[in-house]
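Note that the chains take the letters A, B, C and D in the order they are written out, and that residue 1 is the start of every chain.
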């Protein structure tokens, strides 16, 4: 009796899933891109912001211009992975089942590692149903080094490249004599620290690294003790790769403890962070990032940004590179003449040179599928900011630029091509 | 040395904050025998209500109003939820409060969303009270210390000098007897639950601007609170105080000093392997004190429970 | 006479128990012979239940010792003492309310029949256990209610079940804590017969308030007052003992006042 | 095996009573046919996930339901079993370890058992609140360690592997989702059967006894601590099997497999299904996976609904969904279910209106508060409405109030009918 109930329930679930997946696949001729990122849970705002930009970019940069392959439109299909590796793999399967061949993901290198691995296995096991992984934000260097594979393309500058650019700029600032490194205790945090040590040693051997430490990710309630150490160390600058609440907590504690020097970060912007720092971050917070919003590089870029903000109020272009993903993918599909043969599309994407809407040239390096582009050091400020974040009046303004950062950097990638 | 003093003060703030949660939880546990898994969620509610009220009328009314609102909510939950579940036994009660913790987190996200709130300390307290060797000590933290001590003194007064306090104290030692004495036990239960949750809410209001007001704040603090009262001894107020301060300092000092395992291992005569990345023990060699800081309370709990199952100050075993 | 005595079933030597400052048992010496039916009586608060809990291992004595068949069992856990052949019932009905009557009895049987912590036997297929449990159900007249939940039995039936569980394991020493408390006269006499029947050839220790039951069942009686035994003797002598009368009635009067 | 092992000559019951075996056979047949009905990869993935959750929930209920032990850190045993299996898979891939994939769950189980044995040695000394707190502490400790001990846990990105690198078994290399489904289904049946039989052994019964009355069990010769410890180990074993199945299916394990959220959701699943019934966790796992995968497609606040459902279950139906179904067995046996049909039919309409208007209110409020500025249109039950105008909200609140009063008016009638249906002979 009870087992019957169980059976009925199981039948109901699967029916529901199939019905759900059918509901999502109404437009037949569109080229679908699966957007797999957190749309619920603590990182939902980041995910939703990325999703909005993808939708906007697909419409604005491709569909409104006649689509690809002579008329096919891009369609973004959202999948909520709740920032969980397990859930991502389930959603990946659902997406592939719906016939989607392009997978976009960015939040969390852990998830990206899981997806790149799963995509590699899937493509090997299902040669007639291969998919591409468009990584627009996960910056763990391993993804284009030890763990690289033919199906993965990274459009953001990785942690090493960003650090290379950051230290280029820091090297010119003779006031900096002591640097404090602090980050989250996981692959990305460790990569940032290792890169900082390496590049500072090479470019400014006189700079003393007065602290180099990792704290548990997402577990620290109160950053005050860390802030005390940083202030007491007499550092002239600190570097952190922290994101989310770890960035807010650390930044606020450090400023509150009386730290007056620059805080170089990777992710201290948008998603409420800019608003939270507000006045306190003025003159202190710096970001290393691709994609120049302020001052706008061109009328086209300004119009694009303004239109996005009008269409998606409450969201920012926090990840400008998404525009590159869409444009480059469209070009690659047109060049390959197919949206189903992933080997051809990947080959077209490999080595592609592209003039980005953000004023930089983007090269998809063939040897490791890492995009090479201009990387900027930006300041958190309210002055001369045309496009602010979080509607707070504060935003990011480019202070200095490293052209085609790390274009000839080494990689350990040993790409196996089909 | 100056850093040491600053850390003592910072640890005191953390410890006292923890104690404001633990004291309410201990009271509730002593009276009702139920470990309120959702206690930290009331702390979160306090922070959110405090924030919401502060956007209308400022921080100070929020400090008064938010705990009252949360206390009333807490009492209502005791009256209409917990009392119902009580008849099924302790394990369902614990499951109920666990479910409540989940629910409150969802409700908070329903109303306030998932991002961090811009909950600011009052402008009047936004200055450095003093500074030790370049390290500023914010006036707000001094204020936190005074609030926590104030709440503790009021609690102590009520417990030792008033009739209702006597009954509660008696319940600490002889829960059955008090039940049989003909006091309006359900009403006292409801009151204690309300006051306990209100105290958590006070902690929430004063901690919100410092530790951040976001949906994960309850979970982040929640398990530490249980660990603390288990270490202190379930039902012991003084045990809760001692354990709170102990954990406050433990966490502060663990984060403050970069002791490295490698130094320790070298000191006892081991040599660091040349190719650390390849070694199976690489994690051991690269371990630092701040890294293990967050797990120290759990380790301490397991050690205490293994050696003294009733906790440091616990009188009765559950 | 002492020399020829076989080892007592239970012997208490200078037994003490205090909770904090309160001394509940203050030096009890008592020997209970094999196959004797021994009753312990005394006014409320005399320490009868504490004495029970000391013998069965629930409490650890503050001083002195409990000897079971000549072996010191003080400080042992209840389950260890039970495995040595001592079993007890409880003053407050203490059965497995969510199990059937049959399962209650079976729980009492499993250890003694050698199943211990077995997870490689299917319990329903053990004929010997089922047969034995049904025998016991027969003895306590609950066979018809075999598959009822224990929680729904009448009070008297639950008390009978309580005794059934206690004797199921075949312990040769059975301790019953107020087995007839709260029963009507007819139920009580039924219970006395039942107890007599199921404790045939066993050592029985019983705590009881109902003097009728005590004098009916017991071979010997001990009188416990303020944690001390003031007399141990045959029923007839106890009834006539002036000391007992005074202590017992005296405290009874105090209690009433 | 144990079915036949204990067969003694001359028993009254047949060797294998058909009444008891039939549900299992039906379940097996059902599992066999399921992929024919839902052959898509995603369908298989979800069915696999459901099977793993069922094993985990059943193993969890060996503690919560059978032995009365509330654990807040049970993900640890599944997770550790899974991590260990992942490393075994990598050994197979890189060091030519000979291990056919179908045997992997056995090793996962053993590893779960070893850990349960070690941790149980001190955590099972007490029951109730103290056990719950220790389990929480140990769970948090190991979850935190997973970030620190990178060699074993792989840090934040976890440990991944490839299940297809082992020796082929009967020509299967387990590259396809379908082969994995059948492997998972076989282990599901084996594990469920094992746990079912365990509950029918002397040990299983004594675990119930200790749950109901630990003091009395002590006076029957059983050490309550040992009973809990053994239950804990057995549960750990089956959790380890679930972990191994997870490793085979997802080929990755991360910190998420160990943390409090996973431990909490298995408690939720088990309780929702009903702890008092063997099949309860099965129903809980199926319903939960349904809610998680399907509901989240339609609404952003599915976790809020889940939380409400859970709290209401604890308050009003502590025996869970299965208990709700089982409540009807008695009227069914008395052939009085008919008495309930009319009152049920009467209350169903208003109750559904009540449910949907409550959902509507929450959805409208949520949309009004959290939709991006400018987006006022929302889709509700197929209708497009403006969440920022008060009209839909007023209608929803009105419907809620009306249906609430109707339900309240009808409720006594339902209760009366319920009383009738549960009594054998009302007129005598």
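Basically, contacts are C-beta pairs under 8 Å (C-beta built on N, C-alpha and C of every residue); 3 or more make two chains touch, one makes a residue touch a chain.
Owing to the predicted nature of the structure, the values given are computational and were not obtained by experimental measurement.
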Review point. If you average the Cα atoms per chain, which one ends up farthest from chain D?
Key: C
Check your understanding: CA centre of chain A versus CA centre of chain B: separation in Å?
Key -> 36
Revision key, fill the gap. Taking each chain's centre as the mean of its CA atoms, chain B sits from chain D at a distance in Å of 31
Point to revise | Between chain A and chain C, centroid-to-centroid distance (C-alpha), Å | key: 74
Review point. Where does chain C touch two or more other chains at once, residue-wise?
Key: none
Revision key, fill the gap. Among chain A residues, those touching two or more other chains are 185, 216, 219
Exercise for review: Check each residue of chain D and list the ones that touch at least two other chains.
Suggested key: 144, 148, 303
Review point. Taking all chains into account, which pairs touch?
Key: A-B, A-D, B-D, C-D
Review point. Which positions of chain D touch chain C when the two form their complex?
Key: 2-3, 5-8, 11, 13, 197-198, 200-206, 208-209, 212-213, 215-224, 226-227, 230, 234
Study note, to complete from the structure: As the complex stands, chain B meets chain A at residues 3, 6-7, 10, 13-14, 113-116, 118, 128, 131, 133-136, 138, 210-212, 214-216, 220-221, 224, 251-253, 255-256, 258, 288, 290-291, 293-294
Point to revise | Residue ranges of chain A touching chain B (in the complex, touch as defined) | key: 41-45, 185, 211, 213-216, 218-222, 224-226, 228-229, 231-232, 234, 245, 248-249, 252, 256-258, 271-272, 275-276, 278
**Study point:** Complex contacts: residues of chain A adjacent to chain D
**Key:** 1-7, 9-14, 16-18, 20-21, 39-40, 52, 80, 84-86, 89-90, 93-94, 96-97, 109-110, 113-114, 117-118, 121, 125, 140, 185-188, 216-217, 219, 312-315
Check your understanding: Once bound in the complex, which stretches of chain B touch chain D?
Key -> 35, 81, 84-85, 88, 90-92, 94-96, 98-100, 102-103, 105-107, 109-111, 113, 219, 223, 226-227, 230, 234, 280-283, 287, 291-292, 294-295, 298-299, 301-302, 305-306, 309, 317-318
